[in-house]
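Common to both upcoming complexes is chain A, partnered first by chain B, then by chain C.
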Partner chain A sequence: MTNSFALDWYFITLIFTAGLYCMLVSRNLLRQLIGLEIMSKSALLGVISAGALTGNLALAQALIITMIVIEVVIVAAGLSLLVKNYRLTNSIDIWSLDKLRG
Partner chain B sequence: MTTGLLAYLLIPLFTAVLIPFAARTRHRLAGVLANVTLLAGLINVSLTLFNPANLASAFSGLAENGFALLMIFVIYLVALCVTFFSSYFIGNDSTVNRVPYYSLILTSVSAMCGIVTTGDFFTLYIFVEVLAVTSFALITSDDGAKGLEGAIKYFLLTFPASLFIIFGIAFLMLTAGTFSFESLKVIIASGLPVGGVVFAVSLILLGFLIKSGVVPFHTWTPDAYEGAYAPVSAYLAGIVTKVSGVYAVIRISMILRLFEIKAYHTAEVLMFLGMLSIVVGALAALRQNEFKRMLAFSSISQVGYIILAAGMGTPLALLGAVFHLVNHATFKTVLFLNSASLEKSAGTSDMNKLGGMEHSMPWTSWTSIVALLSTAGVPPLSGFWSKLIIIIALWDGGAKIYAVTALLFSVVTLAYFMVMQRKVFFGKPTEASRNAREVRPAMLVPVVGMCLLIAALGAFFPYIYAYLVEAIAARTIL
Partner chain C sequence: MTYHTLLFILTAAAAVAAVMMKDLLMSALMLALVSVGASLILFDFQAPWAAVFELSVCAGLITVLFVSAVSLIRREENKLEDNRMRFYAMPLVMGLAAIAAWFYAVPFFESLENWARFGGRVNSLGAVLWDIRRFDLLGQISILAAGVFVINSIFPRRKKQK
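Coming up: the complex of A and B.
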């Protein structure tokens, strides 16, 4: 098996930057969430890549599956917050969250 | 994972599953079940901690992990105060649904017990995420627009924090091949090059710093605390964010100090961020008008002391950090529960609309005074001892400028609390406070109990110090 470690991390960085860009340019809360999801996918790829390089692929798989389950729960909780917010304020603009300040 | 303490994790989880079935038709039963479970756990852990045999032998014969045991005691104590308070706080006309509320509190208690008993980074990450999910739901438990906004801001900052932790775990796998604290100690002791391990641990540390609300990453903290349902903000400020963030930072700095000179820069940054939190939190708290928001900034400032001591990394400083974490849980719970009482009986927690509350709510006023004196570090109370340990440790470690600034800013702490006390409790009664009545005696029980504990922790300091030295320093730190 050829060592594709450098290539892995090239793509991981690319995906991370794509997610970060998505978060930075958008005012839409849903797009922010999607950007966060893309970024977290790059982090999971990082774990897999580290496992492949150190020959610990079985451990890495176990970690990844647990992390994916946790992430689904968190994203579901986040989406429920967004839906609740939309029902209350009729807006998914991030700048509409300005009631708390000082 | 310390298996002897596993029951503290499993029993609340069991009750959390039981509540939706048992209390389906009788919603009040949910509160009773939660209180009974937490009280039983608290009695159990107190029996281990305050066992006369342990006291006589100065805790040298303690079988369990002392740090985890102390944290479990604090977790159960704060959770019991909050559930007991809320079982009288949630009125019949409230929009809060009791069943998911108590179920979520118990789930988060078990997640916190998981955090404090775990021995590796991956399990730590899992329990922290479970805790985060339950806190999102708890913050919005009254369905208000403010709570929702706070929860969304909390969500948008804790998610990236978890990314840093995952990347840290990936790098840890690359460089060390293990996640457990004990094997990391072995790797450090073996004398191999550890630059990569320091980098990985620092990434994880960054994630936990965001979660604990240290200054450059503090923007979510006041919003989440102010927006949250009133008893939940006491729970969040008292224990949840402290365990999910600050506890992990202390734990990591116990590992960092073993790197000695190799992790010098990370420790330096940690100390600087701690100092920045103390300064920014205290100065921001001076100019707040909302009671809960002021308490949130004060919380940031107190977390700064803990982070500063953790960054110092000497055994004495770490003991100070642990003790200040315990004290912070006691006095901040009292203050936030008092703000909830004010909100309930006066209808507002805006400090400009309140005034002269000491006549109508004497108990709330006096317990606030005890808690704020302890926060500011006035001698007989517990906060004095922890701040004293931290400042002595900083001076001993050569960080003299930090020690002096930390000392000066505890005066600023006293200043902003005095401003608060004068605006809210002293002076002429205003319109809002004239109609206010003292809350029911049952709601005062947790607050008064916590105040007695604050005084007791201060008065019995030699025992506490013996516990810290024997059960924590001798086993976990060294």
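Coming up: the complex of A and C.
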């Protein structure tokens, strides 16, 4: 059996793959954001796992709090763009974003 | 199988479920379950501050944002014909990724472990957050202000019509 750090990172890789696959195959803007969230969750778990390995849990927690704040702002901005785009074009398809009209 | 590994399996399963669900509302709820799993993992790593932040902000606030966005675009949901075959193929892709990662990524992570350098001179979160990473707080405040500015400029206040 492998040790804990490598096993943790194995599952982190799988979670990251799930998020990446979601972003690759979906045309729905909301699903793109969900995939981004899943990827950022895996990055967060990677930070805390590395922090636990090196005995730097306080620094890892500080970085995670920063990450969470940035994540919230990204999701709020992305969802507001989605709703505005839906009101303008009546579509949540990601290809409806390619019209650069002011 | 330890509790720790079980939590990771739960989180990975919730992530796969969040991608595969057809209903967007269920996807958002599964994303909340991913957040809860991540927060339990953080508690298990003895990182309570980050876990509380994760549980309150990611599992709470972001879920509320997603559910409200889903309720705003509810009618459009069924019109967009995503190719469902790609989502049904996801367990196959994840299985292949799991096998490949087991043989290629795990030895790499084990070799990475030998490079770990032990730090941890300061072991209180307050000292790290307020002294060492003080500049991060400025970044956090400015990105929060940027978020408010983005939302304010996307949804401008309507002028009164005369």
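The rule is short, and it goes like this: the second predicted complex is superposed on the first by the 96 of 102 C-alpha atoms of A that agree within 3 Å, B and C clash if a C-alpha of one lies under 4 Å from a C-alpha of the other, contacts with A are read in each partner's own complex, and residues count from 1 in each chain.
Note that a residue touches a chain if its C-beta (ideal position, glycine included) is under 8 Å from a C-beta of that chain, and two chains touch if they have at least 3 such contacts.
The shown structure was predicted, so the numbers you read here are calculated from the model rather than taken from an experiment.
Novice: With the two structures laid over each other on chain A, which partner does A:F11 touch: chain B (first), chain C (second), both, or neither?
Specialist: second
Novice: Report the partner of chain A that touches more of its residues: chain B or chain C.
Specialist: Between chain B and chain C, the winner on chain A residue contacts is C.
Novice: Contact-wise, after the overlay, does A:L81 reach chain B, chain C, both or neither (first, second, both, neither)?
Specialist: Touch status of A:L81: both partners.
Novice: For A:L97, select first, second, both or neither according to whether it touches chain B, chain C, the two together, or no partner.
Specialist: After superposition on chain A, A:L97 lies in contact with chain B alone.
Novice: Scan A:G46 for contacts with chain B and chain C and give back first, second, both or neither.
Specialist: The first partner, chain B, only.
Novice: By the touch definition at the top of the document, which applies to A:T89: first (chain B), second (chain C), both, or neither?
Specialist: first
Novice: Which partner does A:L36 contact after superposing on A: first (chain B), second (chain C), both, neither?
Specialist: The first partner, chain B, only.
Novice: Common interface residues of chain A with chain B and chain C?
Specialist: On chain A, the residues that contact chain B in one structure and chain C in the other are 44, 49-51, 53-54, 56, 59-60, 63, 66, 70, 73, 77, 81-82, 84.
Novice: State the interface residues of chain A toward chain C in the complex, per the touch definition above.
Specialist: Within the complex, chain A contacts chain C at residues 2-15, 17-19, 21-22, 25-28, 30-31, 33-35, 37-38, 41-42, 44-45, 48-66, 68-73, 75-77, 79-84, 86, 90-93.
Novice: Using the touch rule from the top, collect the residues of chain A that touch chain B in their complex.
Specialist: Its residues touching chain B are 29, 32, 36, 39-40, 43-44, 46-47, 49-51, 53-54, 56, 59-60, 63, 66-67, 70, 73-74, 77-78, 81-82, 84-85, 88-89, 97, 99-100, 102.
Novice: Please give the residue numbers of chain B that touch chain A in the complex, ascending.
Specialist: Per the touch definition, chain B meets chain A at residues 122, 126, 129-130, 132-133, 136-137, 140, 143, 145-146, 148-153, 155-156, 159-160, 162-163, 166-167, 169-171, 173-174, 177, 222-223, 226-227, 288-290, 293.
Novice: If you look only at chain C, which of its residues touch chain A in the complex?
Specialist: Listed in rising order, the residues of chain C that touch chain A are 4-5, 8-9, 11-12, 15-16, 18-19, 24, 27-28, 31, 34-35, 38, 41-42, 45-47, 49-50, 53-54, 57-58, 61-62, 65-66, 69-70, 72-73, 76-77, 80, 82-83, 86-87, 90, 93-94, 97-98, 101-102, 105-106, 109-110, 112-113, 116-120, 122-125, 127-129, 132-133, 136, 139-140, 143-144, 146-147, 150-151, 154-155.
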